[in-house]
Every structure is written in C-alpha cells, then in structure tokens.
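Paired with subunit B in one complex and with subunit C in the other, subunit A is shared by the two complexes that follow.
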Partner chain A sequence: MIPKNISKAASWYESSARDRINGLLDHGSFREILGPEAGVISPHLALFDLPPAFDDGMIIGRGTMNGHPVAIAAQEGQFMGGTFAEVSGAKLVGLLRAATAAADTAQAVSTVFLLLDTGGVRLQEANAGEMAVSETVRALLEARSAGIAVIALIGGRAGAFGGGGIVTACCSHVIISEQGRISISGPEVIETNKGAEEFDSRDRALVWRVTGGRSRALLGGADSYVKGDVASFRQAAAVTRNTLPDFSLATLDAEQKRLEERLNAYGDCRDTPEIWARAGIDDPKNVSELSDDAFIALLAEKGHAHGAR
Partner chain B sequence: MAPADLLAALFPEGHNVTPGAENTLLGTAIVANESVAVLGITDATPLSPEIAITLAGFVLDIIRAGEKTPIVLLIDTASQRMTRRDEMLGLNEYLGHLAKVITLAGAQGHRTVGILYGTAAAGAFIATALATQTLIALDGAHPSVMDLPSIARVTKLPLDVLTEKAASTPIFAPGVVPLAAMGAVAEVWAAADGPLAPRLATVLATSSNQDTRDVLGAERGGRKQAHDVALRVAAAFLKPASGEGAI
Partner chain C sequence: MEKFTISTRAQRPLSGTTRQAILGVVASGNLELLFERIGGDTVEINILTASTGYRTVWEAVIRDFVERTSPGGVRITIHDNGARPDTVMLRLMQGAKMLEMPS
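Right after this comes the complex of A and B.
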C-alpha cells in the first residue's frame, strides 16, 4: 500500500515549471519578471511556422526560501524542449547579471536557483541559443564570484542536455533525482552520428545507467540526490546554501585534481557497473534496482562527495 | 592554415610553442616586447575529457604563476567528442571545467583572446572559443552550433528550405558571418588585410572586463532582442517592490 502522504506528494518530474517554482519557494512569495503578460516572445519561431509561448519557456523572478530573498529561473521542458534561445536565454542572463549587480544592496539575494529542464540549444535559433549558453556561463560565474550561490535542480522530463549540461557543471551545487539526466550529446545524437553499436538510444536502462541521476550522484557529477517529489527538492535546496564552494583558483585546482583522478580510475570502463565494481560497491548491477532510501544510504557510504565545483 | 604557419604569422617576434599531448599546443611568445602564454587545440580534434583536462591544467598553471600573463588560445577543434564512454565519465564536467578556468583567468586579470583558425562546434565552441574575453576569427574559420543537415533532421524541414531560410537570417546558419552578427566574434581577420601580428598586439592592449557580446549582437542586427530583454530583467529585479521601503 502506498502511504497517503507519498501518493499525494507532487512529483518534480510531472510538475510544470511554474508548479516547481511555487513548490520550491515560500508559499505565495514568487514575483515573476517579464511574465506572460509582458508578451516577450521569440521573434524567430514564426519563420518555422511554430507557435510562440508568452514566456518563451523560461520563467524567472524572485521570492523567498525560509524567509531569505532568492532569485529563481525555471525552464519549461514542455515548450520547445526547454531550450536556450534568444529570448529565453536573455531572461536567464539578465537575471544572473541582476543578482550580481544587486549584491550588497537592499535587493540582494543569497542564491540563484536554476530549475533546468532542457534539451540544450534551440536549433531554430541555434546561434542565438549558443550565445545564450555562453553568456549564461559567464554571468553565472560572475554571480558566484560575487558570493552568490547558484544551485541547479534537475529532475524534469527534458533533463539537462547540450549546453544545459555545461551550465549545470558551472553551478556551485547540483541537486538531482533518479529521473534527472545530465549529458552534452544526447543518446539519439550519438546514435545518429556514431551508430547504435556506440550508443543504443532505445536501450532505456543503458541510457539511465550512463546519464541518469544515480550515476551522476555516485560519480560526483551531482552533489545532492533527492527523492523525486517537490518537497524533497525544497528540503535539499534549503540546506545546501551555506557550505558551497567559492569560484576561486583553489576550487578549480581541486576540481582539476578530482576530474583527473576520475579519468585515471575509470577511463577504461565501458559501462557504469564496471565503475561501481571498481569503486567497491557490492552487487554493482543492482544500483538501479535499489529503493531511494537504500540508494541514499549507499551514496553516503560510497559516493564522491566533494566541494570542488 | 597549418599551426606552424599560424604561429609564424601571429608571432614574428618569436615563440617556443610546441605540440603537446592530444593535439594540443603549449608555449610562450613575444608580442610587442611582452610575453604571452599560448595554448591551442589543432587538427579539428573533437574535444574529449582528456583534451579538456590537459588544456585546463595549462591554464591553471598560468594563473598560479601569478604574472597575469595574457593568454592566447588557438582553436581548431570539432564538436565535443561523441561517445558513450565520454558522456558516462561526465563530459559536461570536463567541458564546464575548461570554460570555468578560462573565465577565471579573465576574472583574475589575464587578458584572454581566442583565435579561431579552423572549426569549432556545439559544446566544444562554448568551452573554448566562447569562453575567452575576445574571439577573433581568421579567414577560413568555420564556427557552427550544428550543421544544416542535422538542423533539418531535428526541425523536420527539407534541407533546401532550410538553406533558403538561412539566406534571410543569421539566427541559425553556420559560419563566421552569421556568428559575427550574433556578437560571438569580435573581429574577422583576412590575410589580404595585412599582417596579423600588429592586429593581435592591438587586441591584447585593449581591456575587456565585461561581457558585451549581446550589445554587439544588437548593433550588428543579428540579435535584436537579447540585450534589451536582459536590461529589462535587470531593471525590474533591481527596482524596490512597492511597500518594501525605498532606498
């Protein structure tokens, strides 16, 4: 029997971007910037006879988390795959730059939450989307330099692919659920370019073993692993703000070492169970079958917790 | 252009740049009597975790030396390498790390200039060329996000229709001209316009602490909305809400 409180819990995976924001922040505290009423739409989709959205799939604004002012941005994965494009990207870049400019003023925020749900760059606006990713990276790192934590939350249908994977890796902290996926080239893209023998995108178990939340958390590509309900994301987001790495030479030296060690230790592995076996995990093929509670216990024992990001 | 010819054209005052592991370049050169650090990726090599970590290590060594030496990054890569193994190992972290260390160098007072002399695409373009403060494209450079046949496949438009649309907008077409219109490329240098070395000296002597690529994109007409949208967001964010008490 499913306990009543679990069956009623809102799922991050199933929720819309707006519902995720409302569930993450203090009740009623969200104030949207350039919302649908502003009517700022993509000027490029008409060229492809595609309908625009009045928020271009990017919802941004400010609110509070346990009473503390924060900034927040959420991609709507159900619109154009949550893609980075001219308008959606500029909204995010504007928010990150504003958070930096607001440091030490009455409008200051401690944290920017990035609710990523993206297939990457919107190919209909490929060049503007690529620039949006690059400008996001720059603005995100400037926010971190100003002492603002930037926290990625990943567990939506579209995952964090393409430039979204790079943006994720630039954040101070990454929170992920089992359903979350992080990658640059998606399985379909690799299969199209290199063939199904390189990456069979229809093998869902394989796709999850390579890109999914459990593998990312175990290997150190994500920092907090949470159950897939909105409340668990909120709980992790609320506690992770105070202990995050600064954007400094010391942090990046540590990340250099961390990533070199990963290549040395696992560079010849072909699949994640090989990695888990080498990392000393009993029954490495069973990682994806564990309950969330059992996996969280395993992670606490065998994970690569680090402050090098 | 072959790396040796490029190095000779950029650094006639002398350099000791040599090929390293994984099709990388590393060394120093003299520009206008000043020492600059030079690193690079050659031969249209796809960006792998190994190359990204090698280049990032070079940049960290340069920062750690504490001399605020300018950094010139020579780029001829492809896209990120597309293998299951690289993605499994967290290619996004390796590319993100490279973008971070190049950005950190700029933030810590190193002038960073990218010189794109070959190809660069997709995530590899973001992690190398687009992470520098100023990007120069040479004659024959070919930056792209994705090639037109791949865009055709995703958008389900026939290639000839897409090619025709590309003629009317720079928003998705590959190449230096459309990407310069976005503000991605600061300057395009043609060999016919004279020697490269004095131009490089001029760029290195200019400071660039702010990301103004969206401003450039608006001026050039390639991105008419991005800068304006970002400004509107910042203005709304920084405005005290009514009832919060003005400052």
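Right after this comes the complex of A and C.
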C-alpha cells in the first residue's frame, strides 16, 4: 500500500530525468546545454537498428539551488538502461571540466549534482563507454580538487551500477533513498558468472537488502538517507552543499582505513542481517521492514558516520 | 528501423506561445517527441521508428491528431521504440498542450 503521506508527492523513482532536474533546482532556473534541438545524438545506435534519444539519455546544464549557481547532470534510466556511451559520456565529462575551468571566475558553480540512474556502460558503444567512465572519474576528481562539491543523488529505477557505481563512490557526498541501489557488478552479472547460489538475481528482497539504500547508508556507502520523494532529495541536496570534508590525502587515508576495518569486521558475512547483528542492531532481520522515519532514527543511532569521503 | 516524414496542413495555427517542448522517453513501448514552432499552417512530422511497416497506422493516428487539435506551424520529431497507437496519440496531445501553455 502507498503510504498516505507520500501518495501525492512526486516520487524520485517514478520521475523522468527532466522532472528530477526541475524538482531539484529552483523553479524555472534550469538552462540546458546541448538541448534536444541541438541534435547531438549517438552516431552508433543506428548501426544496431536502435532508435536514439535527442539527449542520448544524459541531460546537462546549469541552474540555481536556493539562488546559488550549480551545475547538474541527469541520466534517463529508462533509455537504454541509463548508460555511459560516447555522446552521453562526453556531455558529462564536458560539464565537469567546464565546472573546474570556471572555478574562481564569474561563471563559477559551488556544486555539481549528478543524478545518476544507470546499469553501467552501453554495450553497443562499450569502448567509448568505458573511456567515458574513466574520463568522468578523472574530471570529477579534478573538480573536487578545485574545491567544487560533486554530489550524487541515487534513487532511480536503474540504480547506480557498473561505471555508475564507481563514479558514485568518487563523489564528495552521496544522497540515497530506499529504492536507490549502488554496486559495481549487477545482480544478473554476478549470477551469470558465479551462479544463483552466490547471488540470486530474481530474489528482489535479497537484491535490495544488499545493494539498496538502507544497507549503503548504514555501512557508509552513502552519506544521506532520504525518503523517496523529490522534495526530500532537494532538501538534502540544499544542506549538504557547504558541509564537505577536505579532499586531501589525510581524508583518503582515513577512508581507506575505515574500509579496511569494515572488511575485517564483516568480510565473511553472507547476508546483511548477519552484518546488522554484529553491528549490534536490535532485530537485524527487520531493518528492511521499518518505516522510513524509524529507519532514519536507527541510522542516526547506529549508522557508520562517513566523515572521510 | 524505418524513417519517414508526414507533412500536412492544419486549419489553424496552434495557439499559445511556448516555442519548444520535449516529452516522453525512448523506452520499450514508448517514444520521445520534440515539438518546435516553425510558423505558418503546415504540420511536419519526422518519424524514426524501431517497428518497420506501420506507416499507414502512423498516417491514420496523425490525421486524427491534426483534426482534433489543429497544430498549424509545428514540427514534431519522433523517436519511437514500439509505442502502440493509443500511446502515440496520448503523447501527441500532451505535446500540443505543452506548446499551448504560456511560456
């Protein structure tokens, strides 16, 4: 049943990439770069007899958040599974590089928002897509070095898998909802390579229990957990803008140490309830059944503060 | 995949002042449409569809759409991924409404 209090609010999961942008930024402030009328579409899809999209599933531009200039990129998860490809990748890389180049000028932005919704690299443009992911990671880290916050917002249908998972992990802050999923290899890929005993991709509860927003938030893979409506994402995005740790060697060392400790503590666990039991959470099997409010309270008490991203 | 253009004339120009609208998504059984005002009374519809052999169905849907809304002076570019005629009609009506809204 749809909870009464969110039934009328726009859902991040259900919204299109363009609706998410419009709901996140100040009303009417979004100015698209290389919009649909520019006709910059994939040069490869026609070879595979596949229809293209006007924006190649990547919408980029500028706008304001509470009056402050920001840059934004949003992937359309329903087009080709929200992929990294030649054109979509170049748009994202270009946006990040432009933000870095504009630092300390009149065109500067304080933040780049990445509304990722992706299964990873587009198979039909795999080489270009893999290149796009690595160039995105480099451009993202250069933007962070220039003092620009890069914030990932994850809660779409496709999640953030493959290269999208790597890009997410490189961001200065990750905002996620219960529906959001972050991982590298998708459930189907793991099952194909290692068998259903390793990971049963058709067990939806298992997939969300392991890769979903609640486990990512509890383990420090995401920094802010929000309810699944667009307004909650906006609220979290507005407050995280100025609260980011230094992007320094000390910060990365601290994160490396945290990840090593996490692996030592939970590396032999087979499923998330085992982790929650070791972490001292009461009723570990029930974490995915809690209401959002109850989970947010639990997270405040038991969550692994990241602090090192 | 098949690509063709259907050109026709409308009784009246489409009202409103919005210059451009984009809607829909190229997902299975869905389509995306870009509406652009070009002036005059012609209606130009460029269609790229994943399903080959349905031109007469497209022509019938568009004839119905033009009769209902009279979208004169509009160019519509469509990327279709196997949408059914009722979905196409719904999206065409939605796009016309978006252009009719004040900009």
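Methods note: the second predicted complex is superposed on the first by the 304 of 309 C-alpha atoms of A that agree within 3 Å, B and C clash if a C-alpha of one lies under 4 Å from a C-alpha of the other, contacts with A are read in each partner's own complex, and residues count from 1 in each chain.
The rule is simple: contacts are C-beta pairs under 8 Å (C-beta built on N, C-alpha and C of every residue); 3 or more make two chains touch, one makes a residue touch a chain.
Computed from a predicted model, the values in this text were never measured in an experiment.
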| item | value |
| --- | --- |
| Three-chain arrangement built on subunit A, subunit B and subunit C clash or fit | fit |
| Which superposed partner A:Ala98 touches (first subunit B, second subunit C, both, neither) | first |
| Subunit B versus subunit C as contact partner of A:Ala106, first or second or both or neither | first |
| First, second, both or neither for A:Glu76, with subunit B first and subunit C second | second |
| Superposition-derived comparison: subunit B or subunit C, residues of subunit A touched | B |
| Which of subunit B and subunit C A:Ile296 touches, first, second, both or neither | neither |
| First, second, both or neither for A:Phe54, with subunit B first and subunit C second | second |
| Partner chain in contact with A:Leu252 - subunit B first, subunit C second, else both or neither | first |
| Partner chain(s) touched by A:Ala9 [first = subunit B, second = subunit C, both, neither] | neither |
| Distance of closest approach, subunit C and subunit B, by C-alpha atoms in Å | 14 |
| Footprint overlap on subunit A, where subunit B in one structure and subunit C in the other make contact | none |
| Interfacial residue positions of subunit B with respect to subunit A in the complex | 49-50, 53, 56-57, 60, 63-64, 79-80, 82-85, 87-97, 99-101, 103-104, 107-108, 122-123, 125-127, 130-131, 145-146, 150-151, 153-155, 157, 165, 168-173, 178-179, 181-184, 211, 213-214, 217, 222-234, 236-241, 244-245, 247 |
| Complex contact set, residues of subunit A against subunit C | 16, 18, 35-37, 46, 49-54, 76, 78-80 |
| Partner subunit A, residues of subunit C touching it in the complex | 1, 20, 22, 25-27, 30, 32, 34, 36, 48-50, 77, 79-81 |
| Touch list for subunit A against partner subunit B, complex | 31, 33-34, 40, 43-44, 47-48, 60, 62, 71, 86-87, 89-91, 93-95, 97-99, 101-102, 105-107, 121, 123-135, 137-139, 141-142, 145, 160, 162-163, 165-170, 182-185, 187, 189-190, 192-194, 198-199, 209-211, 215-216, 219-221, 247-249, 252-253, 255-256, 259-260, 262-263, 266-267, 269-272, 275 |
